[in-house]
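Each chain carries a letter (A, B, C, D, E and F) given by its place in the written order, and its residues are counted from 1.
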């Protein structure tokens, strides 16, 4: 009866208990946010213990939900503590600023992300774009990127309806969904990068 | 005792160097003196990566790992050397 | 009175998170005590690993533009399930001939079992989940630009 | 199908996720729909502070953008509760519930008062930690029974979901639907915009009623 | 992967994790963390997931560099 | 139970303890310690061959670190 699943579940649940106990004792608001990011890991691990393809299809939404809520809450924290006007130092490391690495690595990551497409590609491409943005100064095409993300979202919804109501055109659905989600996730996460400093 | 091929000897040597350098990294108390051992570690790991699977793509993975750790340790060194001074 | 103390404790919303975390911790401890759980062998979307395939670890059978056999919950609701799983774009086909170690890149490229699950058979999950991202980003962006 | 929901009247299949309308879920769905329409057409209330001890009163100035944003969040919250009412899949229900949670945070967080924003932050923390028991519960349901569909789980011969997994799901929904606790603090209602704040309470009530149905059915 | 190699890379993982937990100084913690990463990447390569290994090996340093941006502020 | 599974669970447990009750309680310590359970989860996913989830998790963890760094800089920066 004590198969691999139950052993893993027991240990992961114990680590969730430890995380929740720390959350119980913590008073500082930012520490609380860090610990909540910690307790997300046991929940993802419980999904991963499922071990089928379905597990993977459940992990991806779980990951995106986690980072989305974290994004909203961190901005609420900054607003609530009145820290919006505070300047934030960028990256001042000579190796990163002067060398070619900040150009090559983002180029590789963005290219690879476009090849991957879907959620994974969106996250990888956004990581590359953020690294480029913070090592080379900020962008100012805020509205444009936001609009691209909105159009991509509409493309994804259209592909969903293609899958549901015209399943014989599944090929168009796959292509639309892959490109739509790629652009959407990448654009949203890149905007996080341009939100680094303060509003204009 | 099964026969050990040359390639296995090479990879075992790489892994042993990796473990020794990891111990040295952790035992060293001075942050700046840790970094050379970290470089040795990443050499050893990249070498054993390249020997683990005989495939052209493995070389790419090992190269990516080596580039990544070099960038990382350079960033640590530069940040450690220049970081606190800029604040004054 | 104990009730008024409880209500005062609850009405201070700094304490509610501690209350909820305590409840979660207690429930998780009880959960650990009531293990082990049986693992059902009859799973949806099972995976079998074929290490020799160039699509490893995502070899799920089928040839492009033919239907692959996957175990979905309601086969009658998605009559074209299986086509996306088997599909390989020209790029991924070339990649699979080039090297046997790039299965993840191939499956992440359009077509493949995860695209089948995420876009076709369980597409509503993905709709909700991108909506969560959209809403959360709308909150962050609104506060960033127009906050107090 | 036996259960407090009654026989499904009709189903709307989206692949593996089947939306089903029983008399119970249909009632809740119509409730959410009516309230969403109400939010769309209603004009937000204008809050008036009466200066104590005198005749003067002043209407609080609320910016148009704040009202628009809160209305948008309230509509999204209504749509999310409509989805949560009728979905027939446990993981999908968990996702809809967390969407309700984040929309409630949005409704509250747009108010430009530090106290209200602190409440929104604390509630957001609870909502975020509530995703842990929700998703964990859904994953354990899939592992122990091999399916996520509520309709399959409700069949007489199906494997029963363990009791503690049901408790995990309920606890998660309680965490996401904790907004009324925060609204109970008078400060929240003093924040202007009545129909939007009531949307918080209504959606919490609805998802709570729905999770009771789910837990009793599976 | 044979037992000796497994022991070596497992030792790297455990040593790195232990040192990361026990150190006080943020720089020393980050250096120990890269020992941990060095122990983890061979496991991915050994499974034959070479594209994933390449991507993870490129992503992990970015995460460290992001942390370094915050460490600068905390340094005395 | 393959070695990745055991090592991953060990890292998750050890990392969780180290984040929950760190030696020095400040933001940076917790942020760095958060990487340990993240690598543990990565190994756990690897033991089930969930390569795509692993790749996404790596990228999303780096983005998470970025978001936290921004907030911590604002919190600890001088006014």
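We take it that contacts are C-beta pairs under 8 Å (C-beta built on N, C-alpha and C of every residue); 3 or more make two chains touch, one makes a residue touch a chain.
Note that the structure is a prediction, hence the values are computed from the model and not measured.
> Strictly by the touch rule at the top, which chains does chain D share as contacts with chain F?
Correct list: A, C.
> Counting only C-alpha atoms to place each centre, which chain is farthest from chain C?
Most distant chain from chain C: B.
> Once you count every C-beta pair in contact for both, which comes out on top, E-F or C-F?
Counting C-beta pairs in contact for E-F and C-F gives the edge to E-F.
> Could you find the chain whose CA centre sits the greatest distance from that of chain F?
Most remote chain from chain F, centroid-wise, comes out as D.
> Let me have the rounded angstrom distance from the C-alpha centre of chain A over to the C-alpha centre of chain D, please.
Distance between chain centres, rounded to whole Å: 24 Å.
> Taking the mean of the C-alpha atoms as each chain's centre, how many Å separate chain A from chain B?
The computed centroid separation for chain A versus chain B comes out at 29 Å.
> Suppose each chain is reduced to the average of its Cα coordinates; what separation in Å results between chain D and chain E?
Going by mean C-alpha positions, chain D sits 41 Å from chain E.
> Between chain A and chain F, what's the gap in Å when you average each chain's C-alpha atoms?
14
> Can you list the residues of chain D that touch 2 or more other chains?
As it turns out, chain D has residues touching two or more other chains at 14-15, 91, 95, 98, 102, 105-106, 109, 114, 117-118, 125, 129, 132-133, 140, 142-143, 148.
> Quick check: what residues of chain C touch more than one other chain, meaning two or more?
14, 17, 21, 24, 31, 37-39, 43-44, 47, 57, 78, 99-105, 108, 114, 120, 122-125, 128-129, 132, 135-136, 139, 143, 147-148
> Counting only residues that touch at least two other chains, what does the list for chain B look like?
If we look for residues of chain B contacting two or more partner chains, we find 53, 55, 57-58, 71, 75, 79, 86.
> Where on chain F does chain A make contact in their complex?
By the definition above, chain F touches chain A via 1, 5, 9, 12-13, 16-17, 19-21, 25, 27, 30-31, 34, 37-38, 40-41, 44-45, 48, 50, 52-53, 55-57, 59-60, 62-64, 66-68, 70-75, 77, 79.
> Would you mind writing out the residues of chain D in touch with chain C in their complex?
Per the touch definition, chain D meets chain C at residues 13-18, 63, 65-66, 69, 72-73, 76, 80, 83, 87, 89, 91-92, 95-96, 98-99, 102-103, 105-106, 109-110, 112-114, 117-119, 122-123, 125-126, 129-130, 132-133, 140, 142-149, 152, 159, 162, 164, 167-168, 171, 174-175, 178, 181-182, 184-185.
> Which residues, counting only chain E, touch chain C once they are in their complex?
For chain E paired with chain C, touching residues are 47-52.
> For the complex, give me every residue of chain C touching chain B.
Of all residues in chain C, those touching chain B are 99-102.
> Under the definition above, what is the set of chain A residues touching chain F in their complex?
Against chain F, the touching part of chain A is residues 4, 7-8, 11-12, 14-15, 18-19, 21-22, 30-31, 33-35, 37-38, 41-42, 44-45, 48-49, 51, 55-56, 59-60, 63-64, 66-67, 70-71, 74, 77-78, 81, 83, 86-89, 116, 119-120, 123-124, 126-127, 130, 189, 192-193, 195-196.
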